[in-house]
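Each of the next two complexes has chain A plus one more chain, namely chain B in the first and chain C in the second.
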Partner chain A sequence: MTGKVLGIVGRVYLALILFFLYAPILVMAAMSFNASEFYQLPFAYSGEWYERLWSNRAILSAAWRSIWIAFVVTGIATALGTAAAIALFRYDFPGKKVLRALLFPPIAIPWLIIGTAMLIFFFGIGLGRGTPTVIIGHVALALPYVIVIVSARLATFDATLEEAARVLGASPWQVTKRVTVPWILPGIVAGGLLAFAVSFDQFVVSYFLSEPGDATLPVLIYTSIRKGFTPEINAISTLIIAVSMSVMLLAARYSNFGGER
Partner chain B sequence: MAEVRVENLTKTYGPLKALDAVTLDFRDGGFFGLLGPSGSGKTTLLRAIAGFVIPDDGRVLIGGEPVERVPVEAREIGMVFQSYALFPNMTVADNVAFGLDVRRIRGAERDRRVKDVLDLVQLGDLGQRKPHQLSGGQKQRVAMARAIVTRPRVLLLDEPLSALDKALRVEMQVELKRIQREVGITTIFVTHDQEEALTLSDEIGILRNGRLVRHGPPREVYNNPRDAFTARFLGEANLFSGSLEAGGLRLPDGALIPGATTAMVAVRPENVQVSASEPSGPIRLRAEIRRRIFAGAMGTLILDRHGEPIKAIARDSEFAELPDNGRVWLSWREGSAIPVENAPN
Partner chain C sequence: MASAILRRDRLRALTLLSPAYLWLTVAIFLPLSAMVFFSVLTDVPFGDREWHLTAGNYQAFLETGTYARLLWKSLQLGATVTALSVLIGFPCAYVLAKVVRGRSREALFLLVVLPFWSNSLVRIFSWAIVLRGNGVLDRAVNAVLPWPVKLNLMYSQSAIVIGLVHSYLPYVILTSYLALQAIDDSLIEAARSLGAKRLTILRRLILPLSMPGLVAGAVLIFVPVVGSFMEPRLLGGRLGTYYGTLIEDQFVAVFNWPLGAALSFILLAVVLVILGLASPILRKARL
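Up next, the complex of A and B:
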């Protein structure tokens, strides 16, 4: 009896969580296809807002900037993060434990504070605002995620395999390429997808570090909302959510199923 | 093929001497069995030869050439790990071909050498399997094949058979020896199992606390261990110590072992004769039977002499007429008492 009651309570609880998580998103997605500019019901289908997106140059160029920045950040953060994770795995050096521990706090520090700190720092070193600064900032944000995910995968790797490859005549680079990387590939992919998401969805740090003229998509959306809310924003937001969720689902798939292959 | 020599090889980890001035020659084409208790430095010695351990002092020579400047991958060594260390995402054939691939040996030559070596280890049909689809003995063979396909100058085996059960281990010992003979490669073989070392090796060496205490042909080392540690470590030994007199070795209880020339002698359990009636020879010691252990054809008798345990091994039937408990006589033929030094710890 109690088991059954608990089962029902559990299901209701789960349903509530999913409802509060996804209801706003679903409403927004629905409204992006609604003809009325003022969210009036009954619902009448229209692709108008998406068509308007197409001709909105500001949004298009911001979207394009967000995408290419995310790709560049993903490339840099994945390469650096993987190399760092392998180095942490392979070599013992003084301060290794401290370094490893220092990777976690940036994940927990509020982005607002990191953003402020970065702004002060980049002005301090004379780099100022701009796209290169945004990229550096994003890489710094994404790097710990990649290192942590790849390290988790490396923890399941048998280091004797590297020794076996060495005696068989493989140079350290060949060992990395032929033995280590194939094993941790799911971790690298998952880390890369997460790095992409961190960059593509990043608002605070981008807002602080980008120049007013070349905003990324989230920054542009924020500034547009302050001027006035249009259903176009619904449309672009729906697209962003679709992209981000696909990326995250892929990342989850790789980090979960990677373990058993 | 090449001979290997280590000279004065020393490696310390903090206060611990994992290797302590080890000097040793491994004959070209020979099968060298390396023995020693856990932590005595066997793996460290192998890893120093392979190049994974950088010695603090001393050097390694392969084929007469010092190799301290040669990185692991250029030393042309074959190594079989205790865990086999097969690459899990590659097939058996690709595992075996790994050493060829990194040497850019391709095409027909690669395929032929992989096939030949898989035939040699009798795994001809399993090339397309993945390592997780193999039994322990098959993994072992793949590891062997992978190690020798590049025709290395030396083969290093670190307890390659210890993960196998007894019957399979004996089978693989025979295999290992056959393969080593066919290829004729200088082999250094680490094992915990002294019987394995005695059966397989042309020469054995015994390490203790990083020091080489004894080396030589197995029969010679077994028959003349020289010190108490080696006597006990290699096979079993009953040790008798006392004071040296003109007539022999006087034990603390007054009994005499005539003919002994050292303050300590070792007697192998298989040489101890146990009888209910007083023996006629000059060697006569009294002891109490404690336990009789039946193990198939052979039996073991545990006796007690003034609190010291004594072990005797013979065909079980020979113990048949002895009482289950009580006092008996021990004796042995005069040459059976091996003079040994009391090894310091």
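Up next, the complex of A and C:
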């Protein structure tokens, strides 16, 4: 009996949490379809804010920049991260534990510290602010995630398969291409999607590394919000949330961070 | 022969590893070192600016009470947000791991952690829309209650805390869920059949066994919240001055980079102490 009560109370509690997590996002999305410029209620439908996006050069170019940066970052981080994960899995050498431990600080140290440190360093070596610097920074942020996720997938891989392929005469490159990579492909895809999300949603590090003239989308949104906002920001924010949630849903399909699978 | 293979293997390992680790060195570890160097300069060493070594930036932290006070304020904010997230999140993780069964559990879990992976800036903005005076929350509350209420939570301490809890709650749910799921149900059954009450089971069995996950979640929330600046800025308005916004100002408004570097490094030291203290437990959580 008490078990049943607990079940009901638990489900209600869960529903409340989900309400807390999603209600503001849904309100924000709803307001992007509201005609009033000052978020006045009652609600009156209008697609005006989305139409305006199409003629807003600043937002369009920032969006485009964010997207292509995310793709470049995904490509580089996935390739380098997968290579590193395979080496960490396949070979034994002194210092391996240290290399694994080195992945932790970039994930754990607040982005504010990393972002300001990058700004100082890249200015110091003469590279300065701008899109190349942003890409270098994003790749560094995404790499540890890719290595950790691909490593997790590799942990389920039977290393004797590699040995068998080697004994049968395959070269190390062939082993990697024909045996290892096909097995860990879901991990690589999940790592790549996560890298995309890290870059596409990145605000803090981009904020310190991007030039005012060529801001990424989150940086542009931050500066606009501080000046006072319009439903146009709601519209672009709604689109961003839709993109990043779809990317993460895809990533969840390919990895097992859902726990049991 | 064997050593030749070993050498070749090491060479291959080096080839595969060096691009990733060189990248991390250039973009993370060297910058962190550069920050330490900058923090003991009088001015930025660019162009023909005059600079020399000094401890003045750290002295400023020790002598000017403002900086230390802001750090303390940020630590308090971190503690508040962490405590609230743990109190709200742990029961939620428990329900997900031990009460809900079957296929719906996986979907619900995904729904809970999904916002966490979406854009944090946009989520903070969504709270600005909800909390602003005469906004959605104001109207909803006034529609339910018979007497007029003026809520206006925007630009207040509460707004910052609400936004941050919203941002980081999924962390502690995620880590606690993973820890709770690892507890064998038969252990709980055994305790129950031996006559243990629900509270006893919670206190003596479930809490100790899920503690590593809980602590991991708490640390993962506390550390970024102490370094947060965007959330206090957007939701706190004039009240939103914290240690993070102080650092931000040194880099984007005041342009006192050496002082900013010193303040960042002090924050890094605090963060490293916390991570160091928690590392035995974090290692147990195997995240």
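Here is the rule we go by: the second predicted complex is superposed on the first by the 256 of 261 C-alpha atoms of A that agree within 3 Å, B and C clash if a C-alpha of one lies under 4 Å from a C-alpha of the other, contacts with A are read in each partner's own complex, and residues count from 1 in each chain.
By definition in this document, contacts are C-beta pairs under 8 Å (C-beta built on N, C-alpha and C of every residue); 3 or more make two chains touch, one makes a residue touch a chain.
None of the values given here were measured: they were computed from a predicted structure.
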item: In the superposition, chain B vs chain C on chain A residues touched; value: C
item: Partner chain in contact with A:158 - chain B first, chain C second, else both or neither; value: first
item: First (chain B), second (chain C), both or neither touched by A:190; value: neither
item: Partner chain in contact with A:167 - chain B first, chain C second, else both or neither; value: first
item: Partner chain in contact with A:87 - chain B first, chain C second, else both or neither; value: second
item: Which of chain B and chain C A:226 touches, first, second, both or neither; value: second
item: Touching partner for A:73 - first (chain B), second (chain C), both, neither; value: neither
item: Touched partner set for A:201, first chain B, second chain C, both or neither; value: second
item: Touched partner set for A:139, first chain B, second chain C, both or neither; value: second
item: Where chain A meets both chain C and chain B, residue numbers; value: 261
item: Residue ranges of chain A touching chain B (in the complex, touch as defined); value: 158, 160-161, 163-171, 174, 178-179, 182-183, 261
item: List of chain A residues in touch with chain C within their complex; value: 2, 6-7, 10-11, 13-14, 17-18, 20-25, 27-28, 31, 39, 41, 80-81, 83-84, 86-88, 90-91, 93, 99, 102, 105-106, 108-114, 116-124, 136-137, 139-140, 143-144, 147, 172, 197, 200-201, 203-204, 207-208, 218, 221-222, 225-226, 229, 233-234, 237, 240-241, 244-245, 248-249, 251-252, 257-261
item: Chain A contact footprint on chain C (complex, rising order); value: 9-10, 12-13, 16-17, 19-21, 23-24, 26-32, 34-35, 38, 44-46, 88, 91-92, 94-96, 99-100, 106, 108-115, 117-123, 125-130, 132, 135-136, 139, 166, 169-170, 173, 177-178, 181, 198, 220, 223-224, 226-230, 233-234, 244, 247-248, 251-252, 257, 260-261, 264, 267-268, 271, 275
item: Residue ranges of chain B touching chain A (in the complex, touch as defined); value: 50, 52, 72-79, 81, 83, 85, 87-89, 98-99, 101-103, 146-147, 150, 156
